[in-house]
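Take a look at these structures.
Here chain A shows up in two complexes: once beside chain B, once beside chain C.
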Partner chain A sequence: MSIVRLIARDELRLMARNRVAVIAVVLLVLLTLVAVASSWAHQNGIAELRGRHAHAAESAFKAQPDRHPHRVVHYGTFVFRPLGPLAAFDPGVDAFTGNSMFLEGHRQNTANFGDARQSSLLVRFGQLTPAFVLQVVAPLLLIFLGYGALARETERGTLRLLMLQGTSRGQVVRGKLLALGAVAMLAGLPAMIGLVGIAGQPGALALPMLAIALGYAGYLALWAVLILLVSTLVRRSRDALLALVALWAVAVILLPRVAPDAANAAVPLSNRLQTEVAVARDLRTMGDSHNPDDPHFAQFKQAALDRYGVATVEDLPVNYKGLLAIEGERLSASLYDRYADASYAAQARQNGLVDWVGLLSPTIALRSLSMAAAGTDFAGHRRFLEQAEAYRFALVQRLNRLQMEDVSYADDGATDAGADRRKRIAAHNWQAMPDFRFSPPSGSTLVGKALPGLVILLGWMAGALASLAFASRRLGARR
Partner chain B sequence: MILFRHECRLLLRQRLTVGALALLALLTMAALAGGMAEVARQRAAIAAIPAAHAEDIGAIADYVDRTKDAGSAAYYSFHPTWDAPAPLAFAALGMRDISPYILRVRALGLEAQIYDGETFNPELALPGRFDFAFVLVFLAPLFVIALFHDLVSGEREAGRQRMLEALPNGGRALLRRRMALRLLLLWGLLCLPFMIAAASAGVAVSAVLIVVAIVAAYLLFWAALAALVGRLRWSSVANAATLAAAWLVLVLIVPTLANVAINASIPVHQGAEIAMAQREAVNAAWDVPREATMRRFYADHPEWADSAPLGPRFHYKWYLAFHQNGDARVADKVHAYRAGLEARDATGRSLGWVLPSVGVQALLTQLAGSDLAAQLAYQDRIRAFHARLRAFYYGYLFRDRPFAKADFDRAPRFKDVPRG
Partner chain C sequence: MPPMTDPILIDDLTLAYGTQRVLSGLSLRVPAGSITALLGGNGAGKSTTLSALLGFTRAQSGSIAVCGIDPAADPDGARRHIAYLPENVALYEHLSAVENADYLLALSGERQPRDAIVEGLAAAGLQEQAWDQRLGGFSKGMRQKVAIAVALLRRVPVLLLDEPTSGLDPRATADFNALLVQVRARGTAVLMVTHDLLSAADIADRIAFIEAGRVAHEASASGAERFDVRALHARFQAGGAKVAA
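Up next is the complex of A and B:
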């Protein structure tokens, strides 16, 4: 057996003899299992609930009686964001964004009823998911197990004995690294088994799962290297422990909170009130449908009359009100899109700033990698919002077209006793409307988004390994 | 006193300690500055409301004035409400980053409006805010651990234990002095910046006193825990590891486990169900005789029952009436939803009695008016304001009074609530 493996085996034997260490590992494994099970159950519950709600909303829409199409524009519909199977591993921002959205004409509503606003204050302490356990808890456990790996040998003078027996410094460090690396993989194993369990789910994508597995394995391995690095540099095991806990607190707890606050201050977001007032203002300048003398709509009317070669809107072969509704919706939707894009861009800039801090905290890099691969990051939410808006626009314009073609202009303006009946069109029209189907991103898209995080992690790994190689050359030297 | 000063000099000679104390002071000040900047941003957003509102309403008034139709005025006018941050909000931002503090409402169905959210970046909200409450609840215990874990074991490892035990009373006075000094330093570094910030924010003295007492109690808990672990006569390293593990369990693991347990044991009927039921109730009115809608409305609101009967033309009083009927139809669901939220919150808070981290967070957000109760109180104020809005517009619609430009200025205005 090679010396490196001998040292590794010895280190592992020492850990196994340490009852506290064994209990800690067992607790971590239990915690991961609980996290996998509860996250799994939670996501299944959510998927079931959202599926049920979506189905109820679709049937309600189709069960509408004969109606005027514009009534249906205001009746609107509800869409619910479905979650990919990987959300059971890392639900990301799901609890913080609303997951149901009311789609209606003329307005872009917010996604409402996120879990964070429906839970007790405990939700802000963090959510128990496999991702949380591996990102936050597992590194601290590795620290407890590994802080003394080299500092202990230096402190007690056993390092010199080892070297007297012909072991090189490199062999000692590699052996300890092997041992701690094995423990790190053991710590990550239950979560990875959970991840593989998810693979059996329909719709789970292989590439993102691979990215997640690689990311977490790299992250835990990185901590193993960092722990040994500090253990090499510091000569007393107590100092090694304190330094590592401080490092952990800064990288895992502090920076992930400070960076968002800094990004929030650096890139301001426009609030809803200001956006809505601005949209109304722009809409008035583009074309004020309430103003009978508005130049845009006067021109629009003239163009419509010219197109059909008639003199008045009553002579048009189509319902002019429907035509107007289509134009109005086009104008307002284009404005909403413009403001939404500006807001999304600002949020993406904020997230970009946070990602830069990933250079200082591997936890931030891993978190964005993990959420991006699971499709539960801001980009994933934005995907839902944009698809929902596209669906809303298409639905409303279909309904407006029905008004234009199937409701006559004379009936539409009539107020006599039977007018209400004549304005309505048959219920089968609602059943012909397509349902909202979220089209999930492809695996390569998700991995593409996860790549920057993976690169930062690799950079960390390379830097940490190089430092360890450099530091181990001076291991045990008197300073 | 002189002994105290010597002890202080001894403590400040340790580089690790001085570094830790400086770091804590820096973090406290950064968190306070960040919290105050966020609160200033929120105040500025609230201060910008009147100008935006005036512009919006002005344009609506221009075209409503042509028809003098109170219904159009009611339909198109959004009225702003807001939840101004309490003076102490900078210390504990609580839910203020994910719940709206500005919401515009119309005199239409409220249940379709009151749950609307605000624009915020979910990725930034996910890890939680960096505020004073975070520094206290999450970080301060780590500093206590760093300063307290080797108080006794360090002496033992340095070979001075025997000598200390030979002192009168086993050197306990010395130990007490050391602990008091460390606690005092930590407490001062947390509380002095806080008190300066609180004074500049105009926080009531009583609230400041409560917060500094909370800080003292929380630090004392961790110091006591460290002393307890110290009595096991383990090595400094073992003490530090044990305390850090205790921190992990008490601050991170138990709260997250409890969150899962609470959400599983207290199911909250999703708000989405309210929104869907309300929409059904409102839109069904188009397919039932209008007189039936009015009868139902007048039964609930007899004060308007003497209004003229509906003619064949569309009338906004019917439109607003079925919106209000729709709200009434889901009132039970709304109560159940709110009761569920309150039950979850109450259970989370009661955990604070056994878990200091949760208790401190709950107390601070309560004092800072940034917890769920404050959110619900804001919703209550919106509901009360909305009732006034309805009464205002109904006064025109049900009496068929014209609504002119000047009437826009008579609309009720949301009032800030003064808070201590």
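Up next is the complex of A and C:
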């Protein structure tokens, strides 16, 4: 057996004979298993619930009787964001951003302008997920198991004992690293088993799962290196423990909590009320499709008459009210899109700022990587919003076209006793409407989004290993 | 056939910690199959000499060699030829006596079967019921016996001892001295830093007095003619007078 493995084996033997350490490892493994199971059950429950509600909403929409298409526009429908299998590992911002939208004519509702970045890691202390356990709890366990790995040898004089047997400083450090690395992998093993379970689910993508596995393995290995680095630099175990707990508190708790707040202060987002007031104000200046005397729509009317070569709207071969509805929806949607784009841009700048803080905290880098690969980050949320809006716009315009083509202008304005019946079109028209189907991103797209986090983690690892190699040259030297 | 060099050779060694000079031209040689006792007052440079031999401290000038290897240039290489018993024994408390010996011998590439290890522990005077007990409850003397066993089980050409009998009772000291004689008999060069004049006089082949960082006097025993303990004591107290063998 090589010297490095001998030292690693002894370090593991020391841990195995430390009752507190054994209990801590067992608790972490149990905690991770519980997190995997509960998160799995929770996400399955959510998926089932959303699927049921989505089906109910689709059924209700299609069950509408014969009626005027514009009533269907205002009847609206709900769409729900389906969760990918990896959301069981890391639900990301899903719990904070909302996952359903009411789609109706003339407006974009709900989550479009939600402050996704308001949530932070601290808020999620109540949410037990494998990602949370590995990001927050596992490093703390590694600290308690490894803080004295080298400081203890220096403090008790056994480092010299090792060196007197012809063991080099490098071999001692590598042996300790091997042992702590093995414990780190053991800590991550239950979560990785959970990932393997997810791999069997429909829709599970291999590449993002690989990125997640690599990211978490790298993160835990990085903590093992950081722990040994601190244990090398200080001469007393107690000092190593204090320094490492402080490092954990800053890197894992403080920075991930402060970074979103700082980003929010640097790039303020309008809240929902402010946005709705601003949109209403702009809509008034833009014109009202329901008001035929509106200047913009007067011009639009003339253009329509010219296009069809007729003098009055009554002579048009199509229902002018349908034309108006199509134009009005186009205008209001473009206005909402402008606000949504501004909000997305601001949130992207916030996320960019938070990602920069990832240079200081590997936990932030890992969190970005994890959520991006799981498809539960802000980009995933935005993907849902954009697809829902595209669906809403197409649905409303299709209904507007039905009004334009299947309801005559004369009937549309009539108020006689039979007018209401004549304005109606057949129910099969709604039944023929396509359902909303969320199109998930490809594996390579998700991994592409996760790459910056992975690169930052690799940078951290390279820096930590170089520092450890440098510090180990002075290990045990007189100071 | 090339001439055999002494396992320990120190020539004109000068060593300082910062501005404090500890060794000033120290020269010493310890032939194979001999015991040299290094005596001197506190701060004379005895432990620093051992530290330099172990490659933990680097001399400013002079030369030092352990089995032909400069410990400053190749400390790991030099240490492979050395067994060392420090004054304050550091061992692993989570391991038993046998496990400590097994681990340390394995690290030095000299792993031995359990029978050999327990034989070594017994030879060092550790009682059988303590062999498989963890060191957490051991007295200083018991720890020292484990360390002695490990040092002796390593069949290396050089044995360095720093106050080896300081934690032992008189009987254990006598047993230890008997062990050292056996070690010498198998050709090991033994350098022993000690204040124990009786032990030194009893088993050493040579006694070197260090004063002000250099060997002020050396004395050799020849055959059955041993050192005069009274003279040794007088030399130790006063310094300067030649010690008769």
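Please note the rule applied: the second predicted complex is superposed on the first by the 449 of 479 C-alpha atoms of A that agree within 3 Å, B and C clash if a C-alpha of one lies under 4 Å from a C-alpha of the other, contacts with A are read in each partner's own complex, and residues count from 1 in each chain.
We adopt the following convention: contacts are C-beta pairs under 8 Å (C-beta built on N, C-alpha and C of every residue); 3 or more make two chains touch, one makes a residue touch a chain.
Everything quoted here is computed from the prediction, not taken from an experiment.
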{"item": "First, second, both or neither for A:A217, with chain B first and chain C second", "value": "neither"}
{"item": "Partner contacting more residues of chain A (chain B vs chain C)", "value": "B"}
{"item": "Touching partner for A:A304 - first (chain B), second (chain C), both, neither", "value": "neither"}
{"item": "Which superposed partner A:R238 touches (first chain B, second chain C, both, neither)", "value": "first"}
{"item": "Which superposed partner A:R156 touches (first chain B, second chain C, both, neither)", "value": "second"}
{"item": "First (chain B), second (chain C), both or neither touched by A:M461", "value": "neither"}
{"item": "Touching both chain B and chain C, residues of chain A", "value": "none"}
{"item": "Chain C contact footprint on chain A (complex, rising order)", "value": "1, 3, 6-7, 10, 13-14, 17-18, 156-158, 160-168, 478"}
{"item": "Complex contacts: residues of chain C adjacent to chain A", "value": "17, 54, 56-57, 75-77, 79-80, 82, 84, 86, 88, 90-92, 94-95, 103-104, 106-109"}
{"item": "Complex contact set, residues of chain A against chain B", "value": "20, 24, 31, 34, 38, 41-42, 49, 53, 56-57, 60, 65, 67, 71, 74-76, 78, 80, 92-93, 96-98, 100, 102, 109-128, 132, 136-137, 140, 144, 147-148, 237-239, 241-242, 245-246, 249, 253-254, 256-258, 260-261, 263-265, 268-277, 280-281, 284, 288, 290-291, 343, 347, 350-351, 354, 368, 371, 377-378, 381, 415-417"}
{"item": "Contact set on chain B toward chain A in their complex", "value": "16, 27, 30, 34, 37-38, 41, 45, 48-49, 52-53, 55-56, 59, 63, 78, 80, 94-95, 98-100, 102, 104, 112, 115-130, 134, 138-139, 142, 145-146, 150, 236-238, 240-242, 244-245, 248, 251-253, 255-260, 262-264, 268, 270-273, 275-276, 279-280, 283, 286-287, 312-314, 341, 344-345, 347-349, 351, 357-358, 361-362, 365, 371-372, 375"}
